[in-house]
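Each of the next two complexes has chain A plus one more chain, namely chain B in the first and chain C in the second.
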Partner chain A sequence: MHPVLDILKDKFPDAVLSVHQDKDRGDLSARVKAAHMLEIARFLHDDPRLAFDHITDVCSADYPDDPERFEVIYHVLSLPHGVRLRIKARVTEEHPVIASVVSVWKGAEFMERETYDLMGIKFSGHPDLRRILMPENYDEGYPLRKDFPAEGRGWRSSFPFLPKMDETAAVSNDNEVPEAEKQVFRAEVGAGSTRRTEELLLNMGPQHPSTHGVLRVVLELDGERVVKATPDLGYLHRGVEKLSEGLAYMQIIPHTDRLDYVCSMTNNYAYVRAVEKLLTLAVPERAEYIRTVVAEMQRIIGHLFWLGTQALDIGAMTVFFWTFREREVLLDMFEKLCGARLTLNYFRIGGVDSDFTPDLARRMNEFLDTFQAHINEYDSLIANNRIWIGRTKNVAVISAEDAINFGLTGPPLRGSGVKYDVRKMEPYGAYDKVEWEVPVGKNGDTYDRYWIRMEEMRQSARIIRQCLAQMPQGPIIADAPQIIPPPKANVMRDMESLIHHFIIFTQGFKPPKGETYCATEAPKGELGFFIISDGSPRPYRMKIRAPSFIHMGAFDHMARGYLISDIITIFGTYDIVMGECDR
Partner chain B sequence: MKFKAWLKTITFYEILVGMAATMRHLLRYKPITLQYPHEKRTLPDSYRGMLALLRYDDGTEKCVGCDLCEAACPSRVIRVVSSEVPGEPTKRYASEYYMDMTRCLFCGMCVEACPVDALGMTREYEWAVYDKRNLLLNKQQLLAIGDRSYPVREKRLEFQHPNVAFFNVAFKNLPAKGT
Partner chain C sequence: MAELALRMAFSLAQITVVMGVIMLTIMVLTLAERKVLGWMQDRMGPMEVGPYGILQPVADGLKLFFKEDIVPAGANRFLFSLAPILALVAALIGFAVVPFGPDTTIELFGIQFKPFIISDINIGILYILAFTSIGAYGVILGGWASNSKYSLLGGLRSAAQVISYELNVGLAIVGVLLLAGSLSLVKITQAQAGWFWNWYVFAPPFPQLLAFVVYVISAVAETNRVPFDLPEAESELVAGFFTEYSGMRFAFFFIAEYANMILVSCIAAALFLGGWNAPYPGTALARMGFVQFAWVENVVWFAAKVYFFLFLFFWLRATLPRLRYDQLMRFGWKVMLPIALGNILVTAIAAYLFPR
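== the complex of A and B ==
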């Protein structure tokens, strides 16, 4: 038994119903009584032997046949000890209430709102329990419940919140929004300036060009200073989690492309790794190297994209053209590799789709030869530029404690000086076989995050070069006929392959009963997939821990006190992609 | 050190460095933008573009109507209606085949799933239409795309096998029952 579980069981003999350590996958989980959740959360956070200071995710699962129907699942991470723990608490359908843990981990605010929105579990003591992804006046129910049809209820045309195309628009002369509706966007009394006599609510987005998608933020302003910023998410919600409950494991891979459409390789990787962890399937070494190479290529693309757009938002145009020029070279390589540029669908469960040919390796090396000079070129444009420094230094500052408490990951967390990288903490792929470093910042401002992303591109280039040099020969997909379709050449040649081919494509494979959480370091942060399998060919529940969504939870905290023009920098500092944020 | 920083500030040193980089690009100006509708990129053969139905070299359709593409499709693009080949009760084909390209993800799962390689992804990508109902393609349209994109056709599957005699049992050549 893992010491963490022992400590937990000793401290709460009554509240902890059972503890479990997954032998094959190493996941620790504990089932607790819902009434004691807050107590346990506080103990987990405060006890120095455990120090679960980072909240990874809050999600829920629905078991309609169980007397206690809903399960609320918390994933917490102890950064000092490098341990993950899953805590599960059951609530009934009649009384779906559990104490909110926002007072322990501030990052839980958005996660609990999402759980409330999609599953209908109420969190008592939550500061602002509203719908977050679905429209606020959505009264069709809670979409992730098992009795909610995947197609939705009713036709689009009958939803009251959608405008009817065949009717004339309602004419309204008073533009004033009722006071009660404004209340949720207002800061509590005493926040911000004391001199203000009247505050202004400003609606930013969803059509603002700097929001990189459709994000609406309601700003409460005191002059030009932001007193409170309330992100309004969900304009791009497509229900990928609900969709995936109706799809076989293989069919979900193209849907993960569309989460973070700037970096679809890493989404594929995160999902495929989670399924492989569920299946406890080993991947051939060459495939691991190829995966590492393409994931790092995608990281370079993601950071180049970020740099270009962030500089463009702040006002430097040239950087945008130059970064997109390099991005194009890498996208061409992806196109050669898998036939698509953005929605790649390159990973397969157990390996990859096509081989990384020597020709591609040569092109990659050629690119890396000049890439270092290109990064220095971007640096020469903006690194010391007084406008760039003025717009990024000391903007969107977040301290290390706050960043951890909000559950931030990736460059926003490392910018605050926390050396947390999934690739180092739980090495996967070929990351433990090559030499590289995790860059960390000092001040936790946008400039540090810029510096970290530049440095990460250099480290990625280093990783790719070593991987290409070390890449062994061998198969690119695992040999597991029950799970992986046979090679296409064999299908019409021998009967056994044909039968396997038909069974896998019609029924899919059946993973063992179980659940697992698997985290991958995406360019935006920690991208995790939590999969519950009930032994059928489709996931019973799939939760995507999207870094963009969780970073938006810290937006209000980071935006308070800055000017309106800084809001654009603060959007950019997370490297937010709304496709992933709203899922 | 302080003097140096001050000197850099008043001379706009970092702007000069940036301008130097810009000037270098200005002198070694090499456009990488393509004038798109007039110039087009050459796409790799593995490009995942418009889907197409293919034929064998004797002009018969490859599709055997097994529905595997329909089962593999993650977004329910494909609808297949399968029936027997008239006069040949052991052979089947797709009498109707529809693809709703408005929903297609271009993931290539159907191509991977097809056991007889009857589906192919072409290098066509200019499929913007004014009415999205035009993107519901039927079998004839899909075969037409295949005809113009795959000029080199495969031999019939029976003849591809090294042991041709084993597969080449054409039932119509067998004597009818009872004679």
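== the complex of A and C ==
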């Protein structure tokens, strides 16, 4: 038994119902009594032997036939010890209440709100328990419950809260934030610095040039200074998690493309890795190398996109066009590789779709030859620019403790000096076979996060170069006829292949009963997929741990006291993509 | 009576020509800006309308002309309509005292008039400063009357910015005025004749280099251009004070911005870079014997200097990020103002010790 589970069991002999160590997948989990959740959470966080300082995710699953219907699932991570733990607590349908852990991990605030919103579990002691992804006045129930119809409720016209097509919209001359709703966006009394007679609530988004999609932030302003910033998410909520409960495992891959649509390769990667972990399926070595190469290409693309937009937000227009010039070259290579440029759908469970040809490797090497100079070129425009430094240094500072407590990952966490990278902590792909470093910042400000992403591009280039040099020959997809569709040529000639083909495409493959969480380092942070399988060809529950969503939880903390102009910088420094944030 | 009518006719003709040239320059500028930015950013700029996109300004103008004119609900209709007019008139009226060419006098029908300046008043520079300040009202009123928070914030920023940087513009040119001993742009330009080291930016006894830098930076700030385009900061305030404007009203603000750019460039050329004077004494054409065409060379030199500044505006836009509001104010009050004041002090002492 893993020491963590022993310590937990010893400390709470009554509250911990059972502990489990998954032999095949390495996941640790513990079932606890809901009444003791807060106590256990505090112990997990505070005890130095455990030090689960980072909250990865909070989600829930619905088992309608069980006496205690809802399971609230917490994923926590101990950064000092590099251990993940899953805590599960059951609550009943009649009384779906569990103590909020926001007082332990501040990052749980948004995660618990999401759980409340989609599953209807109430967290007692939560500071601001409102719907987050669904509209505030949504009264159709809780979408992720199993008795909520997956097919939807018909056409647009059957939803009373949507404006009718042939009806002219009611002209409202109100302020953009209705009087009744104002209270939630207001800071506590005394948060402003000067004496005010009336606060100014500024509605930024969902239509705004630089909210990176359809994000709405309501700012309470004291002059130009932000007193409180309340993100209002969910304008792009498509219900991907609900949707995937009705799809076979293979069919979900294209949906992951549309999460973080700037970096669909890494979404594919994160998802297929989770499924492979569930299946305990080994991937051929060549496929691992190809995956690493394309994931790093995608990281470069993502960071180029981020750099361009962040610079554009701050007003430096030229960087945007220069970064898109290089992005274009890489997108062309993706097009050559898999026929698509944005929504790639390139990964397959057990491997990849098509081979990385020598011609592509040559083009990639040619690109890398000049890429270093191009990064220096961007740096020449902004790195030493007084205005750029003035706009990014000491802006949106977050300390290491706060960054961990809010559950930040990726560059926002590393900017504060925490050396956490999934690729190093739990190496996958070919990351443990090549040499590279994790850049870490010091001050936790926007400039450090900028520097980290620039440095990550250089490291990605390094990884790609080594991978291309080391890439072995061999198959690009695993040999597992029960799971992986046979090649089309065989299907036409070989009876056995035809049968497998037929079964996989009509029923889908059936993974074993079980559950697993798998984290992947996406350009934006830790992208995790938590899959519960009940042995059927469709996931029973799939939870996406979207870094953008969790980073938005720290938005108010990071924005308070800065100016309106800095709000834009903070959007940029998170590198949020609303497709992923709202799912 | 006949003389008055004739004078008015001459003035009207001059105004028509100057306005025509300014409007044409603005059209060229809108295209030039997009082309120059395009080249600096590894792209082509507009290419669709006409060969190499040269008819783009015409298409833009037509489009704006036919756009629906929208007044937002709850806006103050009168001020909302007045603001763009105020901005444009203030921007254009300053050209009345700008000397585009040499200070020659022509006699026509028994009346003497100066062909290259509409009105040679002896307080030319004060007149320009006064009217550019009125232009700020256009921006502020436009922001306030729109009944939109973004516009309001844009207007507020603009008010603060104009006050801070108007002061610097005014103080930066005091050095030149001290050396020239006149407020008339014609007199100031005349005083810089001869070799280029007579231009006030280099001129002994005390070169106005610092004042020139302060002036150029403040002028960029005054015209709301990058990196000081906070009142219209696209990524923050959508479009700032003209967020709610559409059609020709929007075009008025747009033209006013470009007209202001030209105006501040003209003043910079006249005050610091010798105006119509060539960098060498006299004109090459006059030396070659074409005395009657010497004015062509003068006008070309003036235009070249103005276009140099206009290019600088584009160049800055392609290079620099935007300052933040507090940084802008700090820079204006804590850096620019002391430099401008110090410059006045030193220039005054120098002018006293070495009278020209």
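Heads up, the rule we're going with is that the second predicted complex is superposed on the first by the 570 of 583 C-alpha atoms of A that agree within 3 Å, B and C clash if a C-alpha of one lies under 4 Å from a C-alpha of the other, contacts with A are read in each partner's own complex, and residues count from 1 in each chain.
The working rule: a residue touches a chain if its C-beta (ideal position, glycine included) is under 8 Å from a C-beta of that chain, and two chains touch if they have at least 3 such contacts.
What you see is a predicted model, and the numbers here were worked out from it, not measured in a lab.
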item: Fit or clash - chain C, chain B, common chain A; value: fit
item: Which superposed partner A:P485 touches (first chain B, second chain C, both, neither); value: first
item: Chain B versus chain C as contact partner of A:I564, first or second or both or neither; value: second
item: Which of chain B and chain C A:P209 touches, first, second, both or neither; value: second
item: Touching partner for A:L312 - first (chain B), second (chain C), both, neither; value: second
item: Partner chain(s) touched by A:Q473 [first = chain B, second = chain C, both, neither]; value: neither
item: Touched partner set for A:N137, first chain B, second chain C, both or neither; value: neither
item: Gap in Å between nearest CA atoms once chain C and chain B share a frame through chain A; value: 5
item: Shared contact residues on chain A - chain B and chain C; value: 318, 325, 381-382, 385
item: In the complex with chain A, residue positions of chain B that touch it; value: 9, 13-15, 17-18, 20-22, 32, 43-44, 46-48, 66, 68, 71-74, 105-109, 112-113, 115-117, 121, 157, 161
item: Residues on chain A engaged by chain B in the complex (per definition of touch); value: 247, 250-255, 257-258, 318, 325, 328, 335-336, 338-340, 343, 345, 354, 377, 380-386, 485, 488, 491-493, 498, 501-502, 505-506
item: Residues of chain C defined as touching chain A within the complex; value: 37, 40-43, 73-74, 149-150, 153, 157, 226-227, 229-230, 233-238, 317-327
item: Contact set on chain A toward chain C in their complex; value: 171, 173, 176, 200, 202-203, 208-210, 224, 311-318, 320-322, 325, 381-382, 385, 387-388, 390-391, 563-568
